[in-house]
Structures are given as structure tokens and as C-alpha cells.
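Note that chain A is present in both complexes that follow, paired respectively with chain B and with chain C.
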Partner chain A sequence: MKTAYIMQKEIKESILTPKGFLWYNLTSVILSVLSYLFLTNSELSLLDQGEMLYMIMNFITALGVLIGLVFGADSFAGEIERGTIEALFLSPANKTEITMGKLGAALTNWGIIFIISLPYLFVVGKGGQNLLTGIAYLAILGTLLVITFSAFSMGLSARIKSMKNSLIISFFIFLLAGSPIFLSAAQRKTWFGNILDLINPFADAINTFDSVVIDSQGFSYQIGRVAIICGYTFLSLWFLKRSASRLEM
Partner chain B sequence: MNYSPVFAASRITVSINPPSIQANMGDKITYTGTITNNSDKAVNNIIAYISLANVTRGKESPMDLEDWSANKAIKVDTIPPRGTYEGKWPMRLIDSGSYVAYIMVVDKNDNIPVSSAMSRLEIKRVLRLNPNNVLPVALGEPILLGIVFIFIYFRRKRVK
Partner chain C sequence: MIISVENLVKKYNGYTALDGLNFTVEDGDIFGFLGPNGAGKTTTIRILTAMIKADSGNVLVDGHDVVKEPLAVKRIINALPESNGYYEWMTAYEYLEFFSNLYEEKASKQDIHKLLEVVGLHGKEGHLIRSYSRGMKQRLGIARALINRPKLLFLDEPTNGLDPKGRRDIHDLLIDLNQKHSTTIFLSTHLLDDVERLCNRIAIINYGKIVRTGELDRIKGKGTIEDIFFMSTKEGAL
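Showing the complex of A and B:
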């Protein structure tokens, strides 16, 4: 109940404000441009329907993770810098409830991004293969990744107590996680690329999308990667719990 | 290695079919290459591949076939004496313009590659403004969210 109250407070402060809501306006504008380009631009429009869906799914996941990191970085360090953490600690909610409420708000944010992206996914993937399966995987893996990265960023924010620094470190982690995008196909096939792909939760998610949407492979092919992502999720939640318990007034 | 260019030139010949194509952007076409072994000895381990060059005025360049064709190179293990091999190159027409396609055959024992004649390819541009009904979503959703944004903005202002 107290967790729900904290979550509601966070949503009111971070999402239902003109500044907070602007994220979603920008998200829909970017998705509009991207899907229109995919479907009308000469070369892009002739990409496989599955490939377009896969690319849009990657973009939505990256966006969800990125906004989750910002939410996480602001969660405790932002409160400390604004001088509002004391008021929060004086509330009847304990640290775990506060932490879960904040994480819930970050997840709500992902939920809104996912709902915004649904019409685009349907338009881009219409008539193509594995649309519904792809959306189901996006919902599940996107949620796990947002929990992983938001919880990590929140834990960092609680430990470092500086929003700027936790944001910078979080962005570095995000860039590192997104590094497969910067590697060429040949580099990704080397032993270094293979290891990086396997231990990187973000790469695991986009490889799963590739396998499900483009190659039409079943769940048995995805188990290993999904298990790794789940492992990271538990690890991040443990890190967040440890970091939040150290917070003091 | 024993190179014999004159022999190589007459040993293998390759032809491309159809000799010309007129199609629209997005169409799928297939080129057929027929490799003929004109000698009395079997030809082993040869590589055949298709090339496409844009010959549209001002856009002259060889094309990267990655997006156009999934099956660029074919390895032929053996062609018996006086025998033929037929290879197929399906292709998706990505962009409009004038192109030429030709098939090359490379035998590692010869130092001259063998090329087919050029097949002319004319691709007509197809303009699609609203594929998959994307416009209602691409325009509608930002407008809808814009209305919600304005509602939140004025509600906050009234509360203050």
C-alpha cells in the first residue's frame, strides 16, 4: 500500500508533468518518423517486414532502457540534491517500500512507452511474420531490461549521491551495453564479439528479437539468453536492495 | 601453377538469362546463369557470382548486392566434360534506375575470369505515400499525445 503511494507520488512528479510527459511526445514523434521512413523510403521500405519490426523493437528497447536509467539516476541522488530525501524518510514508508515505489514508477514509464509503441509495431509489422510473438518478447525482455538498468542506476544513485555522476556512469554502462551496435558483423563473429554478445544483457535481448522475429526460432533457442537477462535482473535488484539499505538521512 | 589463358577463355562460357528485364521497384526477379564446360575434362571448384552496376546518368557505380540478392556467389563443385550447370540468382529490386547485370565465373586454375554478356535492367520508380496505412498512426499519435500534453500543462497551471 505504501509502495503504491510512493509510486503514485513519483508518477505525479515525474510523468504527469509537462516536462515529464514531453518524453512521450518525443517518443511518438521519433517513432512516427522512423516507421514512415521504414515504410516509404525506397531502400528501407523494401527491407523485410520482419527486419523492420526487429529494428523498431531494438529502438523501443533502447529508449525504454535509456529513460529507465535517467529515472534511476534521479531517484535518490535527485531527492538528496533537492533536499527532499529527509521528508521521504520521515514518511511512514520504509526504505524497501520507497525503493519499490520508485522502481514501480520507472516500470510504469516503460509501460507507457510500450503502449505508445504498439500502434507503430502493428503498422510496421502488418502482414509480416511473427508480429505477435515479437511483441510478446518485447514486453517480457523489455520489462526485464528496464528493471535491470533502472535498478542498477537507482543503486548507483543511492551510493554516489550525485545525480550528475550516477547519470554519467549509467550512460557509460548504456554505451557499453549498446556496443554490439557499433561493432561490424565480422567483429561480432570473433571470439571477443561472441563473448561480449553473450554476457551483455542488451545484446542478448536484441539477438533474441532477431532469432524470434527474423529467424522464426522457438523458445528453446532463447532459453540461454533469457536466463542470462533474468540473472542480471536479480543481480541488479540485489545491488539496489544493498545500496538502498545503506542510505541514511 | 600452370596458367593457360587461351585455353581458359574457351574452356568455360557463361550466359545470363533473361537478356533484358523491365520491372517495378519492389518486384522480385530471378537471373539464370548457364555455365558451359566446352572442354573434354571436368571443371572443378569454380565460383560464379553476379554483379550489378548502376548505369543511370550521374549515378554510375557498382551496387552492393547485400540488400538486392541473398544468393550472390555460388560454388560449383564440378561440371562434367561438355556439361552445363545452371545457377539461379533471385533478386529484390530495391531502387529505380538503369542497371546492367552480368555473371562472372572464376576458376582458380585460370588467370582470366569469364564473364557473361550484360543483361539490361530497367527499374521503374513506384511511389507509395501511405503503405500499410502508416499515415493515420504516424500523424495521429503525436497529435493525440500533444493534446494530452496541453491538457496536463493547463491543468498544472490552474493548480498553481
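Showing the complex of A and C:
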């Protein structure tokens, strides 16, 4: 129950504020522009529905991960810098309850972004193959990735105790994680691209989207990549638990 | 005895912040914990409130070991840290309600309004905390520290930065709490006026060691608290 109250506080603080609304409006605007371009631009509109769906799914996942990292970086370090965490630690809520409340709020954030993106996914992917399967994979893998990156960023925030440094490292991690998007198809086939693809949970997610939406491959083809993402999720949660339990003033 | 501290040691990266602290606090005391900046006052409070762990030593709060039973300790104590921050986007009422919800026994609406009245914030409960003055925030902090009706209240420099009227109001509030509600108060300060006005027993800490402890009147004798403080905290006075 204490977790629920802390989560409610976090949601009010981070989501139901002008800052929160800015993120969501920005999400809507960018998705609107992307969808409009996909449907009207003469070159982009030559892509089949599956390709368009795949591209917009990548973007939504990247946005969810980015916002999760930003909110995670603020979670502990922000409270320490604002001097509010001591009162929270003085309450009978233990560190696990506080951490779960904060992580729950990060997930709520992803939930809102996912709901905002649904109409765009339906418009862009309408008439194409694997639309619903793609959305289901986005919901599951997106959630796992947001947990992974938010938990990592929160753990970092608890260890470093500096919002600025947590943010810088989180952005660096985001750039590394998002590198498959920034690399061209040729670069991704080099040894560097292959290594990144292998160890990067974000790359595993987008390769899964590719396989499911464009190549129409079944779950048996995805098991390896999904398992790697799950592994990263557990690793991040472990890191968060360890960092939060060691957090001292 | 509500607090018993034995041989408390805390080190930070080789620096000894607390070096074998020993003292006791009795039920119903307003206990003044004095010392210059960096003497170890805040570290001691953080250990007594189960926020950080000591490297060695024993601390019992109302019979509970702070290391083995931190949640039992947190149920009967509360504190106002020196640099207490606030969720400035909340109203005073929302702030108190949020913290009340973290306890098993939640405060009712009336309890929260009564508490705001006790600290002199009646009529301001709907205002955003960011619009409060420093003194008002300090009162709200005290209200937050009283939300679970603690047996033992820790206050770290509660009158720092307040104007004379703000200080007087906080003094009156603490005396009232101690006399009417039998709340034991552990007051960490370096403002000697506060000690003179409020405390019946004191301990003076210097370089992480207790250099004097006992009843204020007995320690002072015919001198002043200022003389005792400077004598006890000058270089090498251990």
C-alpha cells in the first residue's frame, strides 16, 4: 500500500505537471508528423505497411526508453538534491517500497506513451500484415525495455546522487542503446554493428519487431532475443535493488 | 530511558565522524545536543533515526535496536532534518496527508487540520508550499514530524535562519509538545539561547566525542552555557 502512495506521489510530481504534459504533447506531435510523412510523402509512402509500422514501433520504443532514463535519473538524485528524501526515509516505508513506487511511476509513464501511440499505429499499419501481433510485441518488449533502462538509470541515480551526472551517463547509455537506429544498414553488418546487435537489448527488440512485422516469423524465432531482453531486465532490477539498499544520506 | 547510546563509531572514508559516543536520554527530556559545525551532530541523529548504520556500537531507542528493528524505531520517532526539503508543488494539507498515508495508523482529515492549527498554519492548508516563507515551511516540517504522534522527536537546528518571532513561536510549540503531550525532544543546535530556554539536559559533542553530558543547571553551575560550550569545544578539549 505504501508503494501505491509513493507511486501516486511520483505520478503527480512527474506526470501530471507541465513537464509531464510537455513530454506527451511532444510525443503526439512527433508521431503525428511521422505518420503524416509516411502516408503522404511520395518516397516514404512507397514503403509497405509493415515497414512503416516497424519504423514507428522503433521510434515509440526509443521514446519510451529515453523518457524512462530521464525520469530514472531524477528519481533518487533529484530527491537528494531537493532535500526531500530524508523525510521519506524517516517514514516506515522501506527502501524496496520507495523504489517500487518510483519504478511503478516510470512504467505508468510508458503506459501513457503506449496509449497515445495506439491510434498512430493503427493508422500507419492499417491494411498491412501483423498489425496486432506487432502491437502486442511492442507492449511486451517495450515494457521490458522501459523497466530495464529505468531501473538502470534509477540505480545509477541512487549510487551517483547527482542528477546532472546521472542524466549525462543515462544519455550516453541511450545513445549506445539506440545505436542501431543511428547506424546505416551497411554499418550494422560490420563487426561493430554485429557486436552491438548481440549485446544490446534495444537492438534485440527492434530485430524482433523486424522479424515479427516484416518477415512474419513466429515466436520460436524470437525466443533467443526475448530471453536476452528478459536477462537484461533481471540484471537491471538486481542493480537497482542493490543500489537502493545501499543508499545512505 | 528512551535513548541509550554505547560506544558509537562511524567513519567516512577513513575520517572518524563519531569516536565512541556514549550518552542516554530520559523519557520526557528536552535534550540539547550541542556542538560546533562538523562535530558529528547530524551523523548521530541519522544513526539514531535508523537512516544510516554505525560501524560499531549499540543504540537502543525505547528498547528497540536501531539496526535490528529500524521499522519499529521509525514508528515511534520522527525528525525534522536540518536541510529538510519540501514537495513544493503540494499544498500543506496534501503534504501531511501523503506522509500520514505511509504509517499504519493514518491521520484523519480532522487530525491533519488540528495539526496545522497547532503549528500556526490554520487557513493556509490549501496554499502551495512554494508560496510559504521559510518560517512557515519550518512549521510545516514540524507538523510533518508530528504526523505519527511520535514519542521521541529529533530536531536538527530547527530555528536556524528564523526571525526572532519565528524562533519564539517554535520554542513555545516545543515546550507545549513536551509538557502537554509528553513528547521527548532531542534538539541538535549550536544556538545557545535555544538550549538555555528549552533544555533540561544536554550533551556537548566535539570531534565526534561527548565532552560533557548531564543536567543543564548542574553543568552550568554559576557560569553561563556559553562559557561551558567554549571551554568544552576549544581545540583539544576532549
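Keep in mind that, in the parts below, the second predicted complex is superposed on the first by the 247 of 249 C-alpha atoms of A that agree within 3 Å, B and C clash if a C-alpha of one lies under 4 Å from a C-alpha of the other, contacts with A are read in each partner's own complex, and residues count from 1 in each chain.
As a convention for this text, a contact is a pair of C-beta atoms (placed from the backbone, for glycine too) under 8 Å apart; a residue touches a chain by one contact, two chains touch by 3 or more.
On a predicted model such as this, the values are computed, not experimentally measured, just so you know.
Colleague: In the overlaid three-chain picture, which partner chain does A:36 touch, first (chain B) or second (chain C), both, or neither?
Modeller: first
Colleague: Looking at the overlay, what does A:93 touch: chain B (first), chain C (second), both, or neither?
Modeller: Touch status of A:93: second partner only.
Colleague: Would you sort A:220 into first (chain B), second (chain C), both or neither based on which partner it touches?
Modeller: In the superposition, A:220 contacts neither chain B nor chain C.
Colleague: A:28 in the overlay: touching chain B, chain C, both, or neither? Say first, second, both or neither.
Modeller: A:28 sits against chain B, while chain C stays out of touch.
Colleague: Touch check for A:17: first (chain B), second (chain C), both, or neither?
Modeller: Both: A:17 reaches chain B and chain C.
Colleague: Using the superposition on chain A as set up above, list the residues of chain A that contact both chain B and chain C.
Modeller: 17
Colleague: Could you list, by residue number, the parts of chain B that touch chain A in their complex?
Modeller: 25-26, 67, 92-96, 125, 128-129, 131-135, 137-139, 141-142, 145-146, 148-149, 152-153, 156
Colleague: Going by the contact rule set out above, which residues of chain A touch chain B in the complex?
Modeller: Residues 16-18, 21-22, 24-25, 28-29, 31-33, 35-36, 39-40, 42-43, 45-47, 116, 119-120, 123-124, 126-127 of chain A touch chain B in their complex.
Colleague: Give every residue of chain C touching chain A within the complex, in rising order.
Modeller: 46, 49, 51-53, 71, 74-75, 77-79, 81, 83-87, 89, 98-99, 101-104, 141, 144
Colleague: Would you tell me which residues of chain A are touching chain C in their complex?
Modeller: The touching residues are 1-2, 5-6, 9, 12-13, 17, 79, 82-87, 89-94, 248-249.
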